[in-house]
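Take a look at these structures.
Two complexes come next, and they have one chain in common, chain A, joined by chain B in the first and chain C in the second.
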Partner chain A sequence: MSLATRPLTVTVKGRRHGPMDVPEGMMMIDVLHEVLDLTGSRLGCGQGMCHACVVIWDRDDHTSEEVPACITGAAFFDGKRIRTIEGIAERNDKGEIVALSPVQQAFLDQFSFQCGYCTPGFVNAATVLIERLRRAPVPRGQVEATVAAALEKHICRCTGYVRYYQAVRDVILATPGLTRDTA
Partner chain B sequence: MTVRRAGRWAFIITAVVLVAGLVTAAFAMRNLLSGKSGGAAQIVNASPEVVARGKYLAEAADCAACHTAPNGAPFAGGLPMATGFGTIYATNITPDPDDGIGRWSAEDFWRALHDGVRRDGRQLYPAMPYTSYRGITRADADAIYAYVMQLRPMKVANRKTELNFPFSVRLGMLGWNLLFLHDSLPAASAGSSPAWQRGRYLVNVLGHCGECHTPRGLVGNMELSHALTGFALGRVAAPDITPAGLASRGWTAAALRNFLGSGLARQGSAFSDMHPVIMLSTRNLTAEDLSSVATYLLGDSPPPGAPLPAIPPPEIAAANDAGRISYLALCAGCHGLEGNGVPNTVVAMRGNSTLRLADPRNLIVAMLDGIGAENFPHRQSMQAMPGFSDKLSDGEAAALANYLRAAWGGQKGDVTPAAVRALRR
Partner chain C sequence: MCSSGMKNALGAIPHGIQRAEAVLEKARTHPLWTGRAARKQAYDAAHPGKYYGVGFGVIQRRFGNGAEASLAKVELSPDGRITLSHTGTEIGTGASSGQAVACARWLGRPADALDMAVTEWPDLPVETSGDPHAMSQAEQDRLAGNPRWSPAYASASSASNSSYYFSHTTREAARIVFVHGLWPAALEIWGAQVQAPALRPDDARWIDGSLTLEGREPLALSRLAAQAHARGLVVGAAVHGFNRWQWAQAEFIVDGASARIAADGLSVRYGDRATAAKQALATTPNRYQVLDRRSVSLPPTVNNNAMVGYNTAVGTLAELAVDAASGKVALLTHHTILECGDMLVPQLVSGQIQGGTASGIGLALHEELPLYEDGPGDGTWNFNRYRLPRGSDVAVWAQTADVLPPLSDSEPPKGMAEVVMIPIIAAIVNGIAHAIDHRFRTLPVTPDRVLAALS
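What follows is the complex of A and B.
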C-alpha cells in the first residue's frame, strides 16, 4: 500500500522548496524534520497545546504570525512563506551564523531556559511579537502585559517563564520604535 | 343618527370603559399589587431527607445555571441574560432576608414557580422559566424551598432589570401569561410507560429543556407547535431534540444516557450552553432518571438511530477537494485523517452530531470561533479547539463545511460563502 501524496511548495526563510510530493495529511513538523532536514523545531505535545513547534508564517500583508507545526498540515503551507528557528540568527554568505538575534542573545544572557526544548517556540513567539510592535508600538507601561499575553500559550516545564518574559521585555524596552511614551 | 344620539352613545361607551378600567384596577390592586413586603425571616425546619430531595430536584431543575453567576456565590444571582427586549439579571435566591428570599414562605416560593409572581405581587419575566416549572408538584416545590432555605444567606443585592418600554411594564406579563402560560407542555414523543411519564416531568418541567430547544416567537413565547425542534437563542443553536431529529443524527437511548450523564458520547461532546447544563444538572441525575429522560425524548418505541456514516467513498472527497485540502491543512492534525479524533482528547468528526444537523450554523460557528477546553465528569477533558476565522476565507470555510457535512455527516454540501459571512463577528 502506498500513501497518497500531494504536491507542496513552501518557501523557508527565502529559500523555495518544491514542488515536492509529500504524504497527504503529513503535519508540517514532519515535513520540516523528515523532508527538509530542518530539525530545530521541537515536537512537544503533538496536540497544538504547548507551542514548542511553532513556525513563523509571513503573510502577504507583511504581518507575521505563529502557526503550530505539529497540528497544521503541510497542505496549509503550500505556496506560503515561513521562517523556522534555523532562520532567526544572522548568517553570512556561507551560511555560517555570525550573530544571534537580539531575542536569542537576551535568552542566553538572562539564562531564560534550562533544558531548551521549548526555546525555539519562545524565540519565534518573541520574534513575531517584536515584529508586531514595530508596526504598532505599545505604551511603555503596557509592555509587561503585552509580553505576558503574547507568550502565554507557550509552555515551559523548567520554570523558565520569568526569565523568558524579562528577557523579551528588556529587548522591547531597549529597541527604539517598539514602544511609545504616552498611552 | 343625530348628533344628540351619538353623544349619548359616546357617553355610554366612555362610562363602560371607565367602569371596566376601575374594576380591572381594583382587581389588580387586590390580587396583584397587595403583595407582601417586610415580615419575619422564615425559619424552615425540614428533615435531612427532604433537604436532600430538594437538592436533587434543584439540580434536576438546574437552578444554579442562572442563579449562580460565573465566579459568584452559589445561588446569589447576578447572571445577566441578554434578550431581544433588554437585559434581565438572575436574582439572589439564598435565604438572606433582605437581598435573598429569606422572608418568603413556601407558598410564596410556589407562586413564583407556578404562576410567575414574586412575593411582592409583581410579575416575573419568563427568563425565569415558570412557563416550564408550572408543572412542578407542590411537594417538589416545597422540597426545593426547604433546600434553598438552608443555604448560606448571601448579602448580594439584586441588579435592576434593564428592559425597554413597553416590556419594562411588568403588568404587561398578565396578558402574556393569559396567552402563553399553559398548565402542561406538549409531549415530545409517543409513550405512556412509567419511565416515559417520569421523563416527561424531568424534560418538560424540571429540566425546562424547551426553554432553549423550542423556537421562540416574536414576544419571546415558546412556539409549542414546534416544541423541541431547535432554536438559536444565542450564537450556538440548541439543536432539534425531537425523536426524529435525534435519530437522524444517530442518537440512541444509550448515547443520550452517556451524553447527559458525562457530557461525552460517540456523537460528540457538550459545548457552549449545553456544557454547564451537563455539569450542573444532568450529570447529577440517577441512572434511572437518565434512562427516563432518554425514554421520553425518543418515545416508548424509539426510532432507529441513523447508522454511522460509512467511510466516505472517494467521489465525495473528489467532489469536495477544496474543502478536503482545508481539512488536511487545519483539522486533520487533531481530528485525524479518517475523522476519528483522539480518544479522551478530541471528538470524532465521523458521525458527529453537529455535522449531521441540517442547519450548518453550529458547525460554522465552531470553525470560526473555536471551542474552549472543557472538563467533564470522571476527570475527562477535551482540549481547546482554536478558531480559524482569520485563516479561512468565506469560500474556504464554506467548502470545508461542505466536505465535513458530505463526508461524515450524511448532509448536503449546500453551505454558501454568504452563510459563513453572516456568522462572522
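What follows is the complex of A and C.
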C-alpha cells in the first residue's frame, strides 16, 4: 500500500523547499518535523488548542499571522512563505545564531518559561504582535490589553503567563515606534 | 495551625520554626482582607448582577519523601572556571539554575558549566541496597560497615525539592573545595599561615567575585584557583548525600586533615601540580581519590515511623466576582504570601508562585476529569474538553506576591513548587462563599454549578 501524495513548495525563512511530494492530508507540523527536519515547533494537543505549534505565515501584503501547524494541512502552505522558531534569531552566513530577537532575549532575561514546551509558540505570537504594532502602533495605555489579547490563545502550564506577558509588554514599551502617546 | 514544636498529624514534630503564623498575620492586615466588606458593598452596588467576594486559604506542606539522596561534583579549573555535575534532573522547575547558583555560597559565583542528570559516577562509587523506608536499624547498621554504602543512591526530581535536597550536596561539594583548596591557597597568598589556627573559613566573604577576610586583600577566584592547582590542593570534590529527615554525616581524612561533613560519600581531586604521592592516590578515570569514611552517622530508621518533615507555609487571598447571569467566576486579583527560606533564584520562585496559582485556579474553576468509563482513561481527552486556565483567567496583570524574608542567610532554601497551588483553591471557594453565601464542596466550581446554586 502506498500513500497518495501531492507536491508541496514552501519557503521557510527565505529558503525555498520543494517541490516535494508529501502525503495528502499530512499536517504541516509533520512536514516540518519529518521532512524538513525543523523540530523546533512543538506538537502539543494536535487540536489547535494550545498553540505551541504555531508558525508565522508571511503574506504578500507584508502582514503576517499565526497558523497552528498541527491542524493545518501542508497543502495550505503550498506556494506560501512561513517562519518557524528556527528563523526568529539572527544568524550569520554559516547559519550560526549571532543574536536572539528582542522577544527571545526578554523571555530569557525575565525567566518567562520553565519547561519551554510552549515557548516557540509564544515567541512567534509575540513576534507577529510586534510586527503588527510596527505597522499600527497602539496607545501606551492599551499595551497590556493588546498583549493579553494577542497571547490569550497560548497555553502555559509552568509559569502562569505573567512573565511572558510582562516580557512582551516591556519589549513593546522599550521599542520606539510600537506605541503612541495619544488614543 | 501547626505551630513550632507541635506534632503533625502523623505524630512527628516537623523540623525548624513553623512560620504559618507569620503568613496568617500578613494576610490579616492585607488591604484585600481588611477592606473586603466595604469593597463588596461598593462593587455589588456598581455592578448589578455580579457578586463580589474575598477568600483566603493557607497551608503548611511537607516537601521531600524521607529518603532523599543525590550526588554532586564541583571542580575548579586552573583559571577559576567552575564545573558542576549533578544527579538532579531538570524538569522545568529551574533546578539547573538553582544548582549553579548554589555554588556561589562557597565559590563566590555560580557555576560556569553544568552537567545535570548525570547517572555515571566513576569518580565516586556508591553502593546501595534494601529499602530505605522499610529497613531495620540492625540491617542499616550492618550495611553501613561498607564505606561505599548508603541507604539510597539518587532521588528523582520532584517539584522544587531540588532547592533544598540537591542544593545540599552541591554546597557540600563546593565547601570541600573551599575549605581544602581555596582557603589554604588564600592563606598562602595573604601570608597568613602563621595565624591560620585562629582564622576561620566561615569568616571569609566573597565580594564581587573576590575573597576577603578581616581587611585582607580581596583575591579573585581565578587567582585562588591557580594557586590551589599550583600547590596541589583540593580543586574538585564529589559528594553523596542522604537525608531521612536529617542528613547523614561522616568523617573523612581530606588531604591530611580530618573533616566531618553532612554527607556519606566523598572523593577529591588535587591540583595539577600535586606531588607524585598525592597523584598516586587518585585512582578514578578523572583523577579523583575516593575516600573511605572513618565513621558514619546515618539518620536512624526510626525516622521512618513518622514523616518528620520540613514544611513550607503559604497563604493566598483571592478577590473575585460571580456573574449571576452566566455563573462565571472572574478572578479580579490574588495575593500570595510565601515563606521558603533563603531563595536561590527569586525569579524562579516568583515564576513558581505564578505558575502554581494558575494551576490552582484551573483546579478550582475549570479543570474537570470525570470518573469511570467516560473519564480520561478512555484516551480521548484533550484540551478541547479539558479546559486549562489561560491568561485571562489568572489575573495576569493584577496578581501580587510577598515572600517572607528568611530568618537569616543561613536558612536553607526550601521546596515550594506544588504547595503554592493549594491555598488558591480554598481561597476561591471561600471567596465564592463570601460572594453568594454558598459553600461549594465539589470542584471545579463551573458556571453550571454556580447557576444551580443561585437558583
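Heads up, the rule we're going with is that the second predicted complex is superposed on the first by the 182 of 183 C-alpha atoms of A that agree within 3 Å, B and C clash if a C-alpha of one lies under 4 Å from a C-alpha of the other, contacts with A are read in each partner's own complex, and residues count from 1 in each chain.
Heads up, the rule we're going with is that a contact is a pair of C-beta atoms (placed from the backbone, for glycine too) under 8 Å apart; a residue touches a chain by one contact, two chains touch by 3 or more.
This one's a predicted model, so the numbers in the text were calculated from it and none came from an experiment.
When the shared chain is aligned, no partner comes close enough to touch A:Pro137: not chain B, not chain C. Contacts of A:Ile71 after superposition: chain B is touched, whereas chain C is not reached. Of the two partner chains placed by superposition, only chain C is touched by A:Ala148; chain B is not.
Of the two partners chain B and chain C, more chain A residues are in touch with C.
Look at A:Tyr161: by the touch rule set out above, it reaches chain C but stays clear of chain B.
Shared-chain residue A:Cys50: touches chain C; no touch with chain B.
Shared-chain residue A:Gly25: touches chain B; no touch with chain C.
By the document's definition of touching, of the two partners only chain C reaches A:Cys115; chain B does not.
Residues 47, 49 of chain A lie at the contact with chain B in one complex and at the contact with chain C in the other. Residues 91-94, 345, 347-348, 350-351, 353-359, 382-384, 388, 390-392, 394, 396-397, 399 of chain C touch chain A in their complex. Residues of chain B that touch chain A in their complex: 325-326, 328-330, 332-334, 337, 342, 345-346, 383-384, 386, 391.
Listing the residues of chain A that touch chain C in their complex gives 44-47, 49-50, 110-111, 114-116, 144, 148, 151-163, 165.
Within the complex formed with chain B, the residues of chain A that make contact are 6, 24-25, 27, 47-49, 70-77.
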